[in-house]
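Labels for the chains are A, B and C, by order of writing; each one numbers its residues from 1.
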Amino acid sequence: MTSYEAVIGLEVHAQLKTKSKIFCGCSTEFNAKENENTCPVCTGMPGSLPVLNKKAVEFALKMAMATQCTIHEKSIFARKNYFYPDLPKGYQISQYDKPLAVQGKVGKVRIHRIHMEEDAGKNIHGTVSSYVNLNRAGIPLIEIVSEPDMRSSQEAGEYLRELRSMLRYLDICDGNMEEGSFRCDVNISIRPLTQKEYGTRAEIKNINSFRFVEKAIEYEIERQKEVLESGKRVVQETRLWDSEKNQTFSMRSKEEAHDYRYFPDPDLLPLQIPNTWIEDVKKSIPELGAQKKERFMNQYGLTEYDAGLLVQEKELAQYFEEVVQICQQPKLASNWILSELLRETTATQIAASPISSKHLGELIKLIQKGTISGKIAKTIFEKMWNSGQSPKTIVEKEGLVQVSDENVIRQWVEEVLKNNQKFVDEYRAGRTKLLGFFVGEIMKKSQGKANPATIHEILKKKLDSKGE
Amino acid sequence: MVIKKFMHITKELVEHLAKLALLELTEEEVTRYTRELDSLIGYFEKLNELNTTHIEPTYQVVPEAIVFREDSVQESFKREEWLKVVPQQEEGAIKVPKIIDVG
Amino acid sequence: MIPLYDYSLDELSQKLQKKEVSSVELTQSVLKRIEETKAKLNTFITLTKESALQTAKTVDQKRIKGEVLSPLAGIPIALKDIFLTQGIKTTCCSKILSQFIPPYDSTVVKRLKQNDVVLVGKLNMDEFAMGSSNENSCFGPVKNPWDLERTPGGSSGGSAAAVAASQCLGAFGTDTGGSIRQPASLCGVVGIKPTYGRVSRYGIIAFASSLDQVGPFGKRVKDVAHLLKAVAGRDSMDSTSADMKVPDYTQFLTKDIKGLKIGIAKEYFIKGMEASTEKVVHKAIDHLKKLGAKIIDVSLPHTSYAVPTYYLIATAEASSNLARYDGVKYGYRAKASTLQEMYRKTRGEGFGREVKRRIMLGTFVLSSGYYDAYYKKASQVRTLIKRDFDEAFKHCDLIVTPTSPTTAFKLGEKMEDPLQMYLSDIFTISANLAGLPGLVLPCGFDEKNLPIGLQILGPHFKEEKIFHLAYAYEQSTEWHQRKPTV
């Protein structure tokens, strides 16, 4: 049986987080009434003209630089002509043969090009009519086109997550696939491992989550394999992902070839990017996820896995570093964030967490100093989550300070041993597993406040000094 | 660059163009435009007398570069006002016959 | 006594300022003139009588209060029906927009309002400014005031005819390939197409965006200078509008042109040109010489390629500009049960014959496989045409040419032959391709008593030089004093 390899390229559309649209002053706010955020320009009124939003260009430049693209000193806006109700002018202003930037890299994946364009509106389909809302028409987009450098759904997923992370680190796109601010079309073909040429590809659209991208790719690989193995040919076509049936299906009507009749938009002069602008933007690019991960591993001695988790969101990484700043315990901080905090919330919501980075840092400091036990810390953590109070306040209010006073602990130990003479005998007869039982009982007696190390020390001494 | 000399505009091409431009044409119009476009294009091929191999095309005659707007939200026109010009609308959405062809 | 409407804009501006007449009196005079003559000429699509009189009243009150007003304050003018006027129907003389009431004002209209101009109505034109005879209007052709059986030219035929017939003191039009200058010539009035980028295109229904430019018509050079001054200058809504200072053109109107270098291009005196036109234009050039101008031979070798170049570029842009008229958001929508049917019928029924012809042509020019051979090729030849002028203006200050190879032709004469119609633009379209300013003013009459216009072309943003020459010529000749009898 032939072994196949998938060849995958992705086209990502990212909505830029500008306040106003790309060619007019309308708001880009998401939750407006239907057709509320519109003006003569974005509704394609006769006589209206586009004027380019500088911020949109700046944002696009950031991504171009972050992906190490070559930026064209002069790029051209072109009209892509086709008819659709959500396209008010009958053409989309995009970039065609002279895009903003070309030839970049994200990890192992080469970037073919990045260009700017305007988003279309939205059609809502009823039973006899369709309805058009133009609020989204004119929101700035960048299209990031990769080379066909991915070979599996995992690689595609990794690339996508990396892109999304970059956009979020640059603070130019919120990367929300469900809301459509980050959209992905997949170009995929398969070929026998021994073959050099690419197979015929299908384009998959309408995928609105990372998981579905991976699923759609996996489905498509299997589908194309079946097609080839049954002696048929893969048809070059656009397919849509059906997330309920977990499959792709052909969008037959689209097969009528489009002729977009691209030509330079005479309403917009060439976009010139002077070097000084490039330099300015370069200075504004923050440390991105990949670099941060490296640094976390080197500077804090974290594992690659933990560092990777911590940098997945800029806010989370920032939170982590704030915690470390206070407690000086990177590993503990990482553990507490990854295993405790992220059980309660998500990386994207971290800024809204009731436990501030300062409080978590203080909590870790208290553990470190021995003021509280690790066990008590978990209780305090829970109380912090529910109340938003500082760990000190909780510790003081509830008297949860760890008891390390040997005299007090010795008393608890003696009481427990006295009440469990039978087990003491068994222990001394060699059933040393019972040690844990005694520790537990003493802890209980101390209401969790006893210092476990001290318990251990005293308990061992008592049990091992026979007949005292 | 291959210059197609003596291009003949056929009825089929005219019908294809009408489809691209979404114009419903009568049989009479198709015949007329075939004839007229053929004659016009024939005349326009006069440009092939000129060798333009190394000539940069001119798309705009304004010498300056693009002018920007700052990213600030401007008050747009009142939705109620412009919805008056919409042929059919429902609760602020533009109503059109059901879109069947996706694309 | 001379009726008020028969004075020039500048004369009336002074009368208003001296309070010899009121704007209401003037507006009433003009409205009466319109009523008497509009049926014969078919110039007006929409009359805005009430708002005109209201504005006139307001301006008069302002003047009484002693407010400082624009020289145009209280002056009745009219607009080609291509300028968006908020709340006033704007049709572009197309069925597809025949009921369209714009929700916003074009920048030109805003500026005219700031100048307290009295808008009396919207003027007939070729549908979407496509035509050279004003016969492509869904409201029927405009008649030339000098001979009602003849065309006023196009596409701003209504604007030129209305000014010639004193239905308004000035008018605005648009010029994509000669649409101001050719009708100005055929109707015996003054019209200027400024440099591309001089006047904002925002709110003006686009035909071919890289060629379209707004300009005024008037009875006198000075009238036109006033009108252009009022609307010119950078507009933040049009990023192709030039960020350059607008001089007060009226300050350049002197009669002394000694030493001014006038270029004459032999390519503008061609076979097929009417003998009377050629004779009259040569006489005008001789006259300029007598006034002290230096006449210099220049060459514009690519002139004969301008018509194909223009029609390839203009139709390509138009095919895209007119895609928005699809029945979805505004304008005519045909009854249909599917979206595709709605699109095709709306556009098939909504556009007239010439517009559809140009959409088809432009769609072809841009379509896959033909783009390089037609659209790109034409854009390259455009470079050559532009270079011709750059070179010529190294040797002269201005270039003087005929405007149209013929005087006003009979209505219907060229309607069945689009190529012949297109060739009548031969002297005007190069200025659009190169983005140059060009003014036309009357320079004589043919044996049928039809006006002939002289075209003055200048370098980019040198309108004031053109006005200077035009004024000197006008003030030393009598042509502008002749009036049609309507």
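Going forward, a residue touches a chain if its C-beta (ideal position, glycine included) is under 8 Å from a C-beta of that chain, and two chains touch if they have at least 3 such contacts.
Remember, predicted model here, so these are calculated numbers, not experimental data.
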Category of the chain touch graph - line, ring, star, complete, other: complete
Chain closest to the middle, measuring from C-alpha centroids that were averaged per chain: B
Chain pair with the higher count of C-beta pairs in contact (B-C, A-C): B-C
Whole-Å gap separating chain A and chain B, where each centre is the average of the chain's CA atoms: 41
Distance from the mean Cα position of chain C to that of chain A, given in whole angstrom: 58
Distance between chain centroids, defined by C-alpha means - chain B, chain C (Å): 24
Contacts with 2+ other chains: residues of chain C: 100, 102-104, 210, 236, 239-240, 319, 323, 326, 328-330, 339, 343, 363, 367
Touching two or more other chains - residue numbers and ranges from chain B: 20, 22, 59-60, 62, 64, 66-69, 77, 82, 94, 96-101
Touching two or more other chains - residue numbers and ranges from chain A: 40, 43, 45, 51-52, 83, 85, 130, 132, 259, 261, 266, 268-269
Of all residues in chain A, those that touch chain B in their complex: 18-20, 24-27, 33-40, 43, 45, 51-57, 82-85, 123-134, 240, 251, 253-254, 258-259, 261, 264, 266, 268-272
Touching residues on chain B, where the partner in the complex is chain A: 20, 22, 59-60, 62, 64-77, 79, 82-83, 90-103
Complex interface listing, chain C residues touching chain B: 100-104, 196-197, 210, 236, 239-240, 242-243, 302, 304-305, 308-309, 311-312, 319, 323, 326-331, 333, 336-345, 347-349, 351, 353, 356-357, 359-361, 363-364, 367, 370, 372-374, 376-384, 386, 418-419, 422, 433-435, 460
Residue ranges of chain A in contact with chain C within the complex: 40, 43-52, 79, 81, 83, 85, 88-91, 130, 132, 259, 261-263, 266-269
For the chain B and chain C complex, residues of the former touching the latter: 1-4, 7, 9, 13-14, 17-18, 20-25, 29, 33, 36-37, 39-41, 43-50, 52, 55-64, 66-69, 77-78, 81-82, 84-88, 94, 96-101
